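You will see two complexes here that share chain A, one where it goes with chain B and one where it goes with chain C.
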Partner chain A sequence: MSRTLPDARVQAPAPSGTGGRRLPRTLHPVAWWIWALALATAVSRTNNPLLLFLVLAVLGYVVTARRTEAPWARGFTYYLYLALTVVTIRVVFRAVFATGITPRDHFLFSLPRIPTPDWYAGIKLGGPVSLEALLSAATDGLRLACMLCCIGAANTLANPKRALRILPGALYELGAAVTVSLSVAPQLVQSVQRVHRARRLRAGRTKGLRALRGIVVPVLEDALERSLRLASAMDSRGYGRAGTASRRSRRLTGALMLLGMCGLCAGAYGLLDATAPKLLGLPAMGAGALLCFAGLRLGGRRVTRTTYRPDPWRFPEWAVAGCGVLSALLLFSKAGFNAAELNPSIYPLSWPTLPLVPTLAVLLAGAAGFLSPPPHPRETP
Partner chain B sequence: MRTTRRMTRAPARLTGTAAGTRHPAPTGGGVRPVGTANDAVTPERFGTTDSPAAPEPVATPNNLRPTRPAARTSAALVLTLAALASTAAPAHALPQPMSQCTTSSGAVLAVDFSRWGGPIYRSCGTTPTTGYELLNQGGWATTGTGHDGPAFICRIGYSGFRAGRQFPPPEQDDCVLTPPASAYWSYWHANPGQNTWEYSQLGAMLYKPRPGSVDLWIFGGTNIEGTKGRPTVTPDQLRAKNTRPTSNRPVPKDTRTAKPLPPNVNTGPAPVNPPPGYTPPPAAPPVRREAGGPGTVPVNPNPPAVTPSSPPGATDTPAPTPTAAPTAPGAPTPASTAAVVAAGSRPKAEIADAPPAADAPYDVGSYLPAAGAGALVLLIAGGAVFTARRRRRTTESG
Partner chain C sequence: MITFDEVTVQYDDTAEPTLRDVQLHIDEGELCLVVGHTGVGKSTLLGAVNGLVPHFTGGTLFGRVLVDGRDTAGHPPRELADVVGVVGQDPVDGFVTDTVEEELAYAMEQLAVPPATMRKRVEETLDLLGLADLRHRALHELSGGQQQRVAIGSVLTAHPRVLVLDEPTSALDPTAAEEVLAAVTRLVHDLGVTVLLAEHRLERVVQYADRVLHLPGDGRVVSGSPADIFRTSSIAPPIVELGRAAGWTPLALSVRDARRAAAPLRKRLAHTTPPPVRNTPWADGPELLNARSVTVTYQGTPAVREVDLTLRGGEITALMGRNGSGKSSLLWALQGSGPRRAGSVKVSALHLDKPRDPKDLKAAEARRLVGLVPQTPTDLLYLETVKQELAQADLESVDAGPGARTLLDRLAPGIPDDSHPRDLSEGQKLALVLAIQLSAAPMVLLLDEPTRGLDYRAKAELVRIVDDLAAEGRAVVISTHDVEFVARAADRVVVMAQGDVVADGPTAEVIVASPVFAPQTAKILAPLEFLTVDQVTAALAGEDAAP
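== the complex of A and B ==
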C-alpha cells in the first residue's frame, strides 16, 4: 500500500554537499509502523526477561537517535511510565489474588488473608506470596510493557497524520474515525505537556494529587477538542466523502468489506482455537481476505485523489521495515535455538539463558537506529 | 474465545492457596518444619491437623490486626526464623508407599502417562491434603503456566519416570498461556465406594480428597462439562483394596518394568489405549483421547460386580474374595489383604505403583547470561545517552 505513490521522486539534492553525512529527512511513517509492529510480534513470542530488557534498550536507543523534535516525538517517556504501571499492576494483582504457594517456592511475605465463603471458593484474597509468583507476574507484565513500548516508539517516530495519507482510497470514509483513534495517544501526550507548561508559567502546583485534578480535566478536554478539530479539518479536505459513487456500489463495497471482516474474524478464531471445526481456520481466513481485497479495490476505483508532496519510499524504508520483519521471522523460525529458551522456567526458579539467535534478532531490529536517515535538527510539524 | 473457555473449564482452574503449607528447601532436600510464618498467618488450616501449636498464638494477632507492610514483613521474617528454630513437626501431608493406602485411609493419586508411552502411576498420600499436595510430594512435581501460576497444572512429572521429566514436554506445550481444552491435564475424582469418575469442579489447590478416594489426572481433551474425554480406566482398577495397611509385606520397589504385551494381544474388556512399549513417539500418539469422543464413554462402566477379579491389581495376586461387590455404594471393597501390585497383563495402559522418591534434581543454571545481557543493555543505553547528548549539542549550536 505504500507503493501507491508513483511519483516518489522528491527532489533531494545530491548527497555530495553534505560532507559524507546523510541528509536529514523523515522516514516514511509506514516503515516505522511496520518495524514497530514486527518487533511487537517478536516480543509476543518470548517471556525471557533478558530478551525483553534488550528490546527495551533497543527501543530506547532507536527513539533517542531518530525521533524528531515534533511535539508527539517527546512522548516516549510517557509510554515508559505506562509500561511501568502495567508491570506494577500485574505484580500487585498476583500478590493480592494469590495463586498459591507450592512447597518448593521461595516464600517472600504473607498478606493478611480475607476469608471468602464456600460458594466463592475460586478466588482467594491474600495469603502467602512467593518469589516465583512475583517474578512470573513481572515477566508477564514486562512482555506486555515491551509491546506497549513498541507501539509507543512507532507513535514517537512516525508522524501520525502523514501515516493517514497512505490509507487505501476505500477507507477514506473511515478516515475521520481512524484519525481520532490513531492520534489520540500522541494528542494526549501533547495536551499533558501543554497543560503542564501552562501551570508552571502560572506558578501553579505541578506535583501532587491536587495538581493532578487540575491537569486531568483540561487535558481530557483539550485532547477531545483537538481530535474533533482534526476530524473536521480532514472532512474539509475530502475525507469521509463518498465521492461520485452510486448508492449501489457503495452498498456493494460495504457488504464486501463487512463479509470479509467477518471471515477474517472467524478465521482467526478457527486458527487459534484447536477445538473449532477445520473449516473455520484457513479457508475462512482466505475467503475473508479475498472479500476484503475485493471491497477495497471496488471502493478505491471510484475515488481519485492527488497527493501533495508524497513521502518517498526508498532504501532506508526498505531497510527499516525489513530488519523489523526479519527479527520477528527469526524469533518465530526456531532456527538455531531451543524454543524453550524463549520461555525460561520460573517453577522451579532458574536463571534465564540468552539464546544467540534471538539476541541477534533483537539487535538487528536496533540497526534501524542507524539505517534510517537522521531527522531534521529542528522540525516544525 | 480463550476467555470463555477459561471461565468455564473448572477443574484445574479454580485455584487458591489451600495448598502449600510446607516449605521444604527449594532444592528438594530436607523438609523444613511446618510452622513457617506463612502457615502461621492462616491458622485455620491447622484445624484438622496435628501440627504443633507453637506458632499460632504468636501469629493470631498478626492476622487480626494488619499492620504496616514493613512491620508485617519483619514479623513474618521473625516468625519464619522462629519456626525454623523449633524442631517440631510432622508434616501433615506425606507421601507413602501404595501399600499404606486402604479403603478408608489415605488418598490414591493416579496419573496417566500412557500418551508418552508410560503407565498409569499410582501413589498414596496421607489424607488431610489437597490434590495439589498429593501431586507435589514423593517425587511428583508439577509446573503451572506463566499466565495462571502454579495452580494450573500444565505439566506433571514423577522422578521415577524418564528421570523426572515433566509431561507434556516444552516442545508440545510451552506452558506460557492456558493450554487448549483439547490437550490438558484434566482432574477426576472418585470418592470411596464410587465407581464412576467425577470431573473435578475445583482446582487442585482447593480440592481436598477424602480418605479412601482416588484422584486421577489424564491428559487429553474434554468438553466444558467434562462429559467427553472421560478416563478409560475405572476407579476400582486404581483404588486401594486392602482394609489394613500392608507395610509388613515386602513392597515391590519398582514395578514399572512389568513386561508389555505384544501389540496385538487383546485380553482386556476395554482395549482403548495402545499397549505400553508399543506407543510410537509422542509426536504421533496412535490413539488420541479426544478422537474417541462419546465413544469412549460406554467403555467406561466396566461392571466389576460381575467379574470381581477384573480389577487389575487382582490379576497377579491372590484374588480378592468375591463376597463384597465393589460397586456397592459406600460399602468397603473386598477384604483382601493382598498387596496391590502392578498389573502388566492388560492391553490397556499398564498400572504401576509409584513409591515415594526423592525429587528429581533440576539445574538452576548460570547467572552469566544474565550478566552478559545486563552488560549489553548498559552498552546500548550508553550509546543512547551519547546520541542524545550529541543531538542536543548540535541542536543548541545549530
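== the complex of A and C ==
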C-alpha cells in the first residue's frame, strides 16, 4: 500500500467551487471502475432488450464524452465488435443445438437433423428452430455483451497504468507482469506490421500457414527481448524494493490474498445468481473482503512506495461512483416496478415495455458523462 | 565510488570468462569512456556496476564489486537504484509510464521519496535537461533525442551518484546526439556525477572523457588517460588516427586542440590536391533507377514530398537527415514494398526490355530489380541455422545469380553453416541479410541504417562491401547518420528534411558545407578539402616519395 501524504498541500491547489470541478483533469481510475462494475451488476439483473440497448447507449455517450486521446482509449470499438460476436455465437449455437419446439411456438425454419450416437444422447443437432428460442438466445447474448461493454468502457475511460498504481504493494509481482505486457502489447502490433511488410522483401508469402512462421518467429523474439529489457530497466529503477518483510510474512500475505479472492468470487457468484444458496452471497463476500484487506495491509508493509501527484478523490469521483452504485441498487431493490418487467416473458411473445424506475436508473448512470470533469485536451506537438 | 576487486565474470554458455581479474577503481565525478569492439564484454562491465550482472543476466561473478560502499553481491539492482542510474541503447525499451512527468517520477515513487520532494526534483530535472515544455507530452510522440534525455532524466531524479550509459547515442542523428552528450557533460561538471559511458562512435565523446577503460578482447580491462590509451589502442576515432599519422604528442582529442596542433600540417598539405576517397571505375554509369515526384503519406501527413531521384550504376549514395525526415519511407517506396501515394519509379535491368515500376511487379520480380535491407535486418530471418536461411534464399531467387553461400563468403567469410542467425554479431547479421537480398541479383541495392550498432571494424568491412558492390556496377543507397562513414564510403550525398530533398551533390561538397555534417578530418583541416584520414596519409606518403 502506498504511503499517503497526511495532507494534500503539495498537490495541485484544491479547486474551489464548481468552477474548479469543471477544469480538465483525469478522474480517479477506481471511480470509473466502480461505476462500470456497478452498471455491469445492474445489467445482470435484466433481460429486457429495451433496457439493454439503453445501457449500450449510455455507455456510448459516456465513453465518447470522457475518453482521452491516448492509445488505450481507442479500444471501445473493439469491445463493440466483441459484443456483436458474443450475440451471434449465442444465436447460432441455439439454432444448431436445437432444444425442440412446442406447438405454441412460432416456427421459423428447420435445420437438417444430424443423428448423434447413443452415448451422446441429450444433445440434439439440427431440427426445427422457433422464433422464441432465437429471441431468448439473442437477449441472453445481449446481456452478456452489455456486461462486456461495461468492462470495455472502464478500460477505455481509466488509464490502465494509473489504475495499476492503485494495486497494493503486496501484489507487485503481478503488477510488474501486467505493466510489461501493457507496454509490450502495442509494440507487438507495430512489429507484426513491420515484419509483415519485410516479408515482401524476401518475396515470402504474406498469407497462409507457411507465412505464419516467417512472421511469428521474428515478432516473438523481438517481443521477448523487449520484455526482458523493460523488466531489467524496471528492476534497475528500483521497482519492487523490499521493505522489512520476512519470508514468512510474504507467504502469509499470499495465502490471505488467495483465500480472500476465492471468497470474493464465491460471494459475487452468490449475489448474482438467484438460485445460489443464501449463505454464498453476502457472508462469503464479506469474509473475502476482510481476508483481502488483511492481506493487503500485511503485504503493504513489505513494499514502500509513494505516489507522485496521486489522483485525488473529490466530489466528481463520489458522484460518478455513486450514480453507478445507485443505479445498481435501484435495479436490485424492486422498488416501484414489477420485477417481471425486467425479464419480459417470451411465452407468450409480446413487445417488452420500458419500466419507468429501471429506465431512470440506467439514465442516472449516464449522468457520469457530465458529472465527471472533462479530460485533458490533446496537446499539440 | 566504484571498485572492482579481482572481478571475473563467467557465463554458462561460454568457455572463456567474459571479464578476467578486473581490478579497477573509479573516483567520484569522473567521466569514464568504455571502449572495445562488439562482444568483448562492455555491456557485462557496465551491467556489473548495478548488479544486473549477474542478478538479472545469469552467469557467475567472482570477486567483489563495490558501489558507494555497497557490495553488489548482497544488493540486487533494485536496492542500488538510489546509487546507480542505468540508461540503455533504446530509450523506448525502458519507459514504464506514458508521459514525460510520470516517467521522471517513476524511480522516486519506487524509492518512496516524499511527494513534496518529488515535485521539486521533477521540476529541477525538467529544467536541467531542457524538458520543461514537454512535461505533459506522451513519450512515444517525442523525437529520439528528447526520448533519450527523458530516459536520462528519469534515472537522475533518484539522485544517483553513478550514471551508467550503454551506447546512449547510437540510434540518434548527430544533432540529437550532441544534445544528449551536452546534457551528460553538464551533469558531470555541475553535479559531480560519476559517468560510465560505452559508445561506438568515439568521435562524438572522446573529447569529454577523463578516463578510458579499454577492453582489448581477452577479458582484461586496461584503464588510463585518453591520450595514453589511444596512442596504442586498436580502436580509435578519426581525430586520433590523424594525430597518429601526423605524429602529434600529446594526442589532440578535441577538434579545437587538433586545429591548433594541425597548423604545420595544414601548411604542409596546402598545395596538395586531396586524392579521391574512392576510386570510381564507373565514372558515368548507366541510369538504373529513375524516380519522379515520389510522395508518401501516412494518414494524410506527408512523409516524403515529391522527391526526384536518379541512381546510376557504380555510384554509392548516402541518404542523410534527421530522425523522421522521410529516409526510410523513401527507400521503401523506391523498392515498391512500401506505400507510395503518387509519383513514378522506373528501374532498368538487363533481363527487362524496358524500365519497369517495381510496385507493379510481383514481390519475387521486384526484388530482382531493387534489393532492400531494412533497418532491423533480423525481421527477415526466421529459420534455425544460417544454412537453412541461405538455402531458403536460393529457393526464393531462382536462376538469378551466384548462390547465397558464395555471396555470404565474399561479404563476411567464416560464418559457420550451423550457427543460429540470432547469435551472430550485428555486422554478421547484416552480411547474412545482404547475402540473402543479393541472391536475387538486384542492380539497385538500398540499405536502411546499416551502420547502427556497428563498431569501427565492422564499419570498415561495410565500406569494403559496398565498394565491391559498386564496382560490380550496382547502384547502392545507404541511409545513415554517420558522417565519418559517409565521408569514407559515399560518392554522393542526399540530405532530406521534412520529406524534402534539401541537398544533393558530391560528398565533399555536401558534408563540408555544414559544420554539423562535417567529418572530423574536414573540421581540423578546413579550408583544405580533406575528408578522411586515409586521404591525408596518402597525401603525406606521396609527398615523402616525391622530393
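The rule is simple: the second predicted complex is superposed on the first by the 250 of 381 C-alpha atoms of A that agree within 3 Å, B and C clash if a C-alpha of one lies under 4 Å from a C-alpha of the other, contacts with A are read in each partner's own complex, and residues count from 1 in each chain.
Throughout what follows, contacts are C-beta pairs under 8 Å (C-beta built on N, C-alpha and C of every residue); 3 or more make two chains touch, one makes a residue touch a chain.
Just so we're clear, the structure is a prediction, and the values are computed from it rather than from any experiment.
Enquirer: Counting residues of chain A touched by each partner, does chain B or chain C come out ahead?
Expert: For chain A, the partner with the higher number of touched residues is B.
Enquirer: Once the shared chain is lined up, is A:V217 touching chain B (first), chain C (second), both, or neither of them?
Expert: A:V217 contacts chain C only, not chain B.
Enquirer: Just chain B (first), just chain C (second), both, or neither: which does A:R94 touch?
Expert: In the superposition, A:R94 contacts chain B only.
Enquirer: Given the touch rule stated above, what does A:T139 touch, chain B (first), chain C (second), both, or neither?
Expert: Only chain B; A:T139 stays clear of chain C.
Enquirer: So in the superposed three-chain picture, is A:R237 touching just chain B, just chain C, both, or none of them (first/second/both/neither)?
Expert: A:R237: touches chain C, not chain B.
Enquirer: Looking at A:R200 after the superposition, I want to know if it touches chain B, chain C, both of them or none. Which is it: first, second, both, neither?
Expert: A:R200: touches chain C, not chain B.
Enquirer: Once the shared chain is lined up, is A:L157 touching chain B (first), chain C (second), both, or neither of them?
Expert: Touch partners of A:L157: none, neither chain B nor chain C.
Enquirer: With the two complexes superposed on chain A, say which partner A:P310 touches: chain B (first), chain C (second), both, or neither.
Expert: Second partner only, chain C.
Enquirer: Taking the complex as given, what residues does chain B use to touch chain A?
Expert: By the definition above, chain B touches chain A via 1-2, 13-20, 22-24, 26, 28, 36-38, 41-42, 44, 63, 66, 69, 72-73, 76, 80, 132-133, 136-137, 141-144, 146-151, 170-171, 174-176, 180-183, 202-203, 205-206, 221, 359, 362-367, 369-370, 372-374, 376-377, 380-381, 383-385, 387-388, 391, 394-395, 398.
Enquirer: Name, in rising order, each residue of chain A that touches chain C in their complex.
Expert: So the residues of chain A in touch with chain C come to 3, 5, 10-11, 70, 159, 161, 179, 183, 187, 191, 194-195, 197-198, 200-204, 213-215, 217-218, 221-222, 226, 229-242, 304-310, 376, 379, 381.
Enquirer: So in the complex, the part of chain A that touches chain B is made up of which residues?
Expert: Interface residues on chain A, with respect to chain B: 47, 50-51, 53-54, 56-58, 60-61, 64-65, 69, 94, 98-107, 109-113, 115, 121-124, 127-128, 132-133, 136, 139-140, 269, 272-275, 339-340, 342-343, 345-354, 359, 366, 369, 377-378.
Enquirer: Spell out the residues on chain C that touch chain A in their complex, using ranges where they run on.
Expert: 50, 52, 55-56, 76-82, 84-86, 88, 90, 92-98, 101-102, 105-116, 118-119, 122, 136-138, 141, 154-155, 158, 332, 335, 337-338, 362-364, 366-367, 371-372, 374, 376, 378-382, 393, 396-397, 422, 436-437, 440
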